[in-house]
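Just below sit the structures, each encoded as structure tokens.
Two complexes, one shared chain (chain A), two partners (chain B, chain C).
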Partner chain A sequence: MHISEGVLSGPVLLTGGVLTVAGTAIGLKKLDFERIARAGILSSAFFVASLIHVPVGPSSVHLILNGIVGLILGWGAFPAILVALFLQGMLFQFGGLTTLGVNTLIMALPAVVCYYSFGPLVQQGNRIALPAAFACGFMGIFLGAVVAGAALMFTEENFLEVTLLMVSAHLPVMIIEGLMTAFCVAFFRKVQPDMLPHFKAPKTDFSCNGRS
Partner chain B sequence: MLAEPFAHGQSFVHGLDPRVRIATSTVFSCLVAVANSFTVLVIACMISLGLVLLARLDLAAVGRRVSVVFGFLILLWLILPLTYEGEPVGQWGPLVWHRPGVALAARISLKSFAILAAFTALLATMAVSTMGHALDRMGLPSKLIHLLLMCYRYIFVIEQEYRRLNAAMRIRAFRPRTNLHTYRSYAYLVGMLFVRAAARAERVHQAMRCRGFQGRFHTMAQFPRQAGNRLFLVATTSAMLGLAWLEWLQ
Partner chain C sequence: MCRVDCWGWHRRFTLIVVVMVLFVFPLVVKQAFAHKVTIFAWVEGDTVHTESKFSGGRVAKQASIEVYDRTGALLLEGRTDDEGRFVFKAPKQEELRIVLVAGAGHRNEWVVKAEEFAGHVRPVADDDTVLSKQTEPVGATPLPGRIDISREDLQTMIEAALEKQLQPVLRRLYQMDEGPRLADIIGGIGYILGLVGLGAYIHFRRRSTSEDPRAR
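Take a look at the complex of A and B:
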């Protein structure tokens, strides 16, 4: 979900940039020195995940997974997604500098919203957690498409058709991301529940620190 | 495979101070993004092309890279001229092309070409690590630089890990199709990537602590002063002032 260079008007680009700077500042403030390495390496995992293409009928879509990134990093999603998008620009020339702000906002704002709305639910029982995880993945893309659509609409009212096309074209992506997020959360709950927010360690703690 | 095909070279652009390149490309991109006049945009495209030539990049590779936006531009050329109201320029059966739509599509195409080509010529010609050090010297928050360098360092490692997991699935006869099994398998793959990334981050952090890391990357990179920097700055600044004059004062 990307808005290309040269489409948006100056004020929209500026607004996107300012909001992203604000989000990134909050995110950096919340990431203390202990968690920076974790955020950096998770942001490279986000980058790599966006290279994975899953089949949809005869075509395929690439994963975005901003819902999961939101769940794992909270406000840290802003700097993590900013950095990953910047590196996509450096390594693949996907997008340039002026849209970096808007494009970060498109993915990171839904991530933070998902963190607050679904974060408390994913530690509940399966009946609540899995639908919440599906909704988290679904809303991550849906809200992103809405932000992207708003950016297009504020640029040019005639972009209404493009916006509608964009939201409807992302409908299959929303469903797939919802499913992926639900499965992924189920996986985390079994394998590494402390990846998810609001984790309370059980009384008998068999934690081992992994390989070195 | 991930790679930085343009990062190393022996051209005038590769020798410039990274800070000069970052500043120039940022200002240039913003200027192009807000410009509207066709004269300005065509000149900006020529400047970008000139920068690509000056960096002596493999033109076919640059073309391939810039072509990622073509799909989107084709979509715009298909939709905008038909949906815009205004003076018609062509008709084919019930389809009418309108002039403002054509103009808008052309403007967007020129802008995206100019911005992406300048990005490729000025920024993709440095390694990300160099860029991190340059941004650090330019005063960006050190946490952000730390994040950028960490992310860059581990992208390649995690991509390898992804390839390994993918190979393991293929060996077990996994074939991606449109069904729940495929999505579940990919979700577990992604989950595994995140779990391993987090575990790796923990180990890396401990290793850095053991070596006395206290939250600040010290950059040893030196950016030598040279005559080319000043020449380039003067040339690009005057070109951009010229463009701004054409756009707003003419």
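Take a look at the complex of A and C:
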């Protein structure tokens, strides 16, 4: 999902950069103090996730985790992913400085979309929440592939073909991340439900079954 | 009291899970390198051999290769075979920029320097004359069994031999480029934690100046 330097044309890079700056500004505004540490941990997870890679067909794909990052951070996904991608570019030579904006957009925009589409659902009953979480992880990558296809459209000239290639290449990762997101959400619902968006604190103390 | 204990256990468990995911998982997964494509090229005589692969060791099959000269003019194009190799006869024995385009935004390049071509005429350095004086003293009679060869020929032969001997080493070096090292990974995480600390610092500074001016 990391687009290398020298592939995209100037206007595409510029558009990606501008949109990323806007998203990061909104994200930083919305990052209150409680979420800073959370954003840091998720940013680290995202940073490392790219190293876990799944060999598929002629090439290889890696975990991206943008679905779960978006679900937990909302707009905060922009700064978290920007920082992680910057460090990946500097330390691992994935992507690059000029493509930083576009790459951030590719992964953070779907994260925010996932936050708004699946955030309200994960506080519902298990029957809705778990499929929603799976869809969140799945769609995070799927939409990322679509945005990447749109960015590449101007150089590789066939949006449908490039997007199909990207989507089919990432299909295994979509499924893996869907499952991971479902597990994470199930875990958070039990252990720390306030990690998930739209959490309303229950009136009674449910954690100790009234023994206190 | 109980409440604190319960949450303490859960929190510890969460922490352990996070640490596992962050640090242990990438170490356990051996093939833990991401999506980058690299190309390596070497010269044998007037032929240029290239090898392309994705980080993680998978070869880049059927990826397109473009060869440019120093001025940026396209000299030739081609595709890698199923082993990620592409071989071509150098159209010019000078600096060549070999660009690999592996599709879906993957691209990298390798520059073959003019000096790598054996036929490339190198300007004779000053200290070469010293060498020639020492090896061929004026007026010396050739020893029996000695073959007279010119200095240029000798140089070409040495270069050809060196080329042959060094190729495996260079290729091995290229193959050893295994992507991110542990130090890079830990360093990156450290940077992010530092940013979190910076955020916390700014937050508390702002709060202490705005909330309670009397305390200052």
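Keep this in mind: the second predicted complex is superposed on the first by the 178 of 212 C-alpha atoms of A that agree within 3 Å, B and C clash if a C-alpha of one lies under 4 Å from a C-alpha of the other, contacts with A are read in each partner's own complex, and residues count from 1 in each chain.
Throughout what follows, a residue touches a chain if its C-beta (ideal position, glycine included) is under 8 Å from a C-beta of that chain, and two chains touch if they have at least 3 such contacts.
Here the structure is a predicted model, which is why all the values come from computation and not from measurement.
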Touching partner for A:Val113 - first (chain B), second (chain C), both, neither: neither
Which of chain B and chain C A:His62 touches, first, second, both or neither: second
First (chain B), second (chain C), both or neither touched by A:Thr24: first
Partner chain in contact with A:Phe33 - chain B first, chain C second, else both or neither: both
Most chain A residues touched (candidates chain B, chain C): B
Contacts of A:Ser50 with chain B and chain C, given as first, second, both or neither: second
Partner chain in contact with A:Val167 - chain B first, chain C second, else both or neither: neither
Partner chain in contact with A:Ala148 - chain B first, chain C second, else both or neither: second
Interface residues of chain A shared between complexes with chain B and chain C: 4-8, 31, 33, 36-37, 39-41, 43-45, 47-48, 51-52, 55, 83-84, 87, 91-94, 156, 162, 165, 187, 191-192, 211-212
Touching residues (chain side chain C, partner chain A) in the complex: 1-3, 6-7, 10-11, 13-14, 17-18, 21-23, 25-26, 29, 31-37, 54-56, 58, 60-62, 101-109, 179-180, 184-185, 187-189, 191-193, 195-196, 199-200, 203
Residues of chain A touching chain B in the complex: 4-10, 13, 24, 28, 31, 33-34, 36-45, 47-49, 51-52, 54-57, 63, 65, 68, 72, 79-80, 82-84, 86-87, 89-94, 96-98, 156, 158, 161-162, 165, 176, 179-184, 187-188, 191-192, 195, 209-212
Contacting residues of chain A [partner chain C, same complex]: 1-8, 31, 33, 36-37, 39-41, 43-45, 47-48, 50-53, 55, 58-62, 83-84, 87-88, 91-94, 148, 151-152, 156, 162, 165-166, 169, 187, 191-192, 205, 207-208, 211-212
List of chain B residues in touch with chain A within their complex: 2-4, 25-26, 29-30, 32-34, 65-66, 68-69, 72-73, 76, 79-80, 83-85, 101, 104, 107-112, 114-116, 118-120, 123-124, 128, 131, 141, 143-144, 146-155, 157-159, 161-162, 176-178, 180, 182-184, 186-195, 197-205, 208, 215
